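For reference, the structures are reproduced in the following blocks.
Two complexes, one shared chain (chain A), two partners (chain B, chain C).
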Partner chain A sequence: MLALIYFIILGVIALGSAICVFLSRHPLYGALSLVLSMVSLAGIYGLLGSPFVGVVQIMVYAGAIMMLLTFVIMVLNGARDSKTPMFDKVSLFVIPAVLALSGLVGFALVQAPIAFDASALRGSVALTSQTLFDTSSKGQGYFVLFEVLGLLLLSAMVAAVLLAKKRLGSINEGEDK
Partner chain B sequence: MELQAIYIQFLALALFSIGLVVAISRRNIFFVLMGVELALNAVNLSFVGFSKTLPDTLSVTGQIVPLFTIAIAAAEACVGLAMVILIFRNRESMDANTYSNMKG
Partner chain C sequence: MIEIINSRPWIEWLITIAKFAFCFVPVLYILLLIPMERRGAGFMQDRQGPNRSYIKIPFFGKIRLLGYVQNMCDGAKLFFKEQFTPSGVNKFLYNLAPAIPFAIVFLSPCVIPWFGPMVFEWGGSVVRVSGSILDSEIGVLLLFGFSSLSAYGAVLAGWASKSKYSFLGALRTSATTISYEVCLGLSLMGVLLLVGSFNLTDIVSWQEHHVWGIVAQPIAFVCFLIASIAETGRAPFDVAEGEPELVAGYHTEYGAMQFGLFYMGEYSHICINSFLISTLFLGGYAVPFVTTETIQAHMGGSLSILCGVLAFLVLAFLHLLYRYSRKLKKTNLTHKNVVLREYLLYKICGWVAVLVLIAGGLCAWFLFNPSVSFIGGETVYGIGTALGTALIHLLVLVVKSVAFCWVWIWVRWTLPRFRYDHIMHLGWKIILNIALVNLVVTAIVAKLVGGN
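And then the complex of A and B:
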């Protein structure tokens, strides 16, 4: 019962701030609403018994990714063309299409007999690290994915630096602007 | 009245729908990126909610995969924002409709 009350509170906050993202004009307000939505989702992860995912959600998602997004919004002054309409004619078709899609998926979900299993393991730090770094041959091999993910993050960082920097040897051209 | 597994899935579905609508129908490029992030969040929530419906050792996978998803979302945000900065230098606009220079 208590879990349901907590879930309703956190879910209403998450949904409301997601709707705020949809309706806000300034990207900065949208980003802050999105941070609120992510933090309440982290609370739901903790409620479901996956505290490590919740903490990673707060640290990486709400802390790092959204901080980067907010930083870029502030640097580029993303509200400078707030005179343009928020939506265009495509939105008239997108919203009914997405509503139809979610209605179909919701119908399929109602048909599916799913229930919580009491023997589901709690995703604590110890269990997560044991599973993630299980290098024995009987393990599930997540450590390989972990290494690949390190390579992916490195290549993404290199790509971002190469994309966002000015051309090499164009220091004088940059000063002209 | 207890917390049912289906409620989690409905919340994830609603968040995914809102994220999809934000990503497709908003014109500001930052809202497009934020909609993608919201949809990724909803998928993570769905993973964790489904993993709790499985018996003991089977329920671990659904709690590992969101960690990878979050890391991939970090890489996606990094490259996406770098591209936004790059395009913004040429176009001086946040409107995604002005970015389409390939007619089609």
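And then the complex of A and C:
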């Protein structure tokens, strides 16, 4: 009962701030609404018996990635113009897509037999680590995917550094100066 | 609803609710840290520090409480100053920003174990209460999550002020916070690998039964200390509010209590970080060389030793007072009688404290008979022993954390401010790599030795 009340409160906050992301004219307000939405989502994860997923949501998304995003918004000139039109040509495609997707997800959720059971442990630390790093031969082998994902992120970072360096041939020149 | 309440004895509910009082510990630490910082700065710069403000009471005259009254004056000043809002600021975010770091201060203490898990006999059954407000398996991760959110205060303040100095300060803060949080998390991983749990109570009990984290992971300790000093944004890493470049950084446009909230948020952050370091690397609430079981088996003796240590500290303070009074009597200072009259009050208080502590220690030694009962093949003590153990644990943790708070002050007044690119260089190219290598070496050694 108590969990249901918390769930409704957090759900309303999450949905409301997610709508705010769409409606806010200024990119920084949009980013902040997204942070609020993520924090309340983390609370919902905690309610559903996966505190680990929830806290990772706060640490990684709300803490690090959104901080980086606010940083970028503040550095770029976009922070100054609050005259961005709310709707333009792209919205013609985006809004129907969002509506269709939410309709589909809502239909699927209504059809699926979901019982709200707050006591079941779904994403605890032990469960997550067992699922991910089960190195036995019978395991699902997610750890290989995990390592490959790490490599993928590393290669993305290397590519970003390479792109950010303007002249590839001028590394020695720069050091001489 | 009523079944939930009836499922546990009332004493468990009482202790569980009383533990919420620990949320106010960082705020209380501000009262301790600000005078400590001022007197410490004075000590390092070979001067007195603030010692002029006083309270006048009837017989003893001007009471200065060793410079502590200055603190109250500052607080009163900040509270009663006019709250101004510069024109052109973004009103909503400008007013919201100072509240964010200060609100997080109240959330952060919930995962720190303030004492060992209390286990005692009550009404024929065993009651277990954990030492932290929220005894969760994610423990330390939650603390990192909160501290990463608290940087939003500085960032929003800088942006909402619409001032170039504030803005630059905010940019620097967000960059420094992101960089050093990576180092903070990575340097911690070695300890977590050895313990095999995120829960801080587990980490402390591992340290209690093996070795302290600072012995097992000395390199990680140094990295963690540097990264957490940088994360609090204090000198030598305070480029975000460097006076020579940015006036006051992100809180340039703030005054009165809004500035005060940032100021208090910074000091509470120091408090939380020193509690975290002493929990992770210095054994937390564990008494050095003595296990909790030994303390509980000899509860009366432990309490009287505690009283003895406190009495010794008070006696040392009295010794200082007497020595200084003797020196003062020989001088020709005009105000020496006023000062001596003030010291008379301290001496009376000190001697009363010594007598009370010695009496308490003797009572504990002779009169304390802990009740022991065996329930389900387990030795369980009464509630008196459990509360006594919790008290000793709490005091030990406070001593360790105050020692670390002193490290913060010590570093601030010793090292000059780093340049901004030096900070980034130190964070990304030195500490991060050391922490990574440390993690890999720890993992290999732990695998070879056969740990977790």
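Throughout what follows, the second predicted complex is superposed on the first by the 132 of 177 C-alpha atoms of A that agree within 3 Å, B and C clash if a C-alpha of one lies under 4 Å from a C-alpha of the other, contacts with A are read in each partner's own complex, and residues count from 1 in each chain.
Here is the rule we use: a contact is a pair of C-beta atoms (placed from the backbone, for glycine too) under 8 Å apart; a residue touches a chain by one contact, two chains touch by 3 or more.
The structure displayed is predicted, hence computed values, not measured ones.
Using the contact criterion defined above for the overlaid structures, shared-chain residue A:V110 touches chain B, although it does not reach chain C. When both complexes are overlaid on chain A, the residue A:A62 reaches chain C alone and has no touch with chain B. In the superposed pair of complexes, A:F52 makes contact with chain B and with chain C alike. In the overlay built on the shared chain, the residue A:V125 is in contact with chain C alone; chain B does not reach it. Legend: residue contacts after superposition of the two complexes on their common chain; A:V35 is shown touching chain C, with no touch to chain B.
Measured by the number of chain A residues touched, the leading partner among chain B and chain C is B. By the document's definition of touching, of the two partners only chain B reaches A:V90; chain C does not.
According to the touch criterion, the shared surface of chain A, contacted by chain B in one complex and chain C in the other, consists of residues 1, 52, 56, 64, 68, 75, 79. Here chain A touches chain B in the complex through residues 1, 3-4, 7, 11, 14-15, 18-19, 21-22, 27, 30-31, 34, 37-38, 41, 44-45, 47-50, 52-53, 56-57, 60-61, 64-66, 68-69, 72-73, 75-76, 78-81, 84-88, 90-91, 94-95, 98-99, 101-102, 105-106, 109-110, 112, 114-117, 119-121, 123, 127-128, 131-132, 140, 142, 145, 149, 152-153, 156-157, 159-161, 163-164, going by the rule given at the top. Only residues 1, 136-138, 141-142, 144-146, 148-149, 151-152, 155-156, 159, 167, 170-171, 174-175, 177-178, 181, 197-198 of chain C touch chain A when the two sit together in their complex.
Against chain C, the residues of chain A that register as touching in their complex are 1, 28, 32, 35, 39, 42, 51-52, 55-56, 58-59, 62-64, 67-68, 70-71, 74-75, 79, 124-126. Contact residues on chain B toward chain A in their complex (touch as defined above): 1-11, 13-22, 24-28, 30-31, 33-35, 37-38, 41, 44-45, 48-57, 59-61, 63-64, 66-68, 70-79, 81-86, 88, 93-95, 97.
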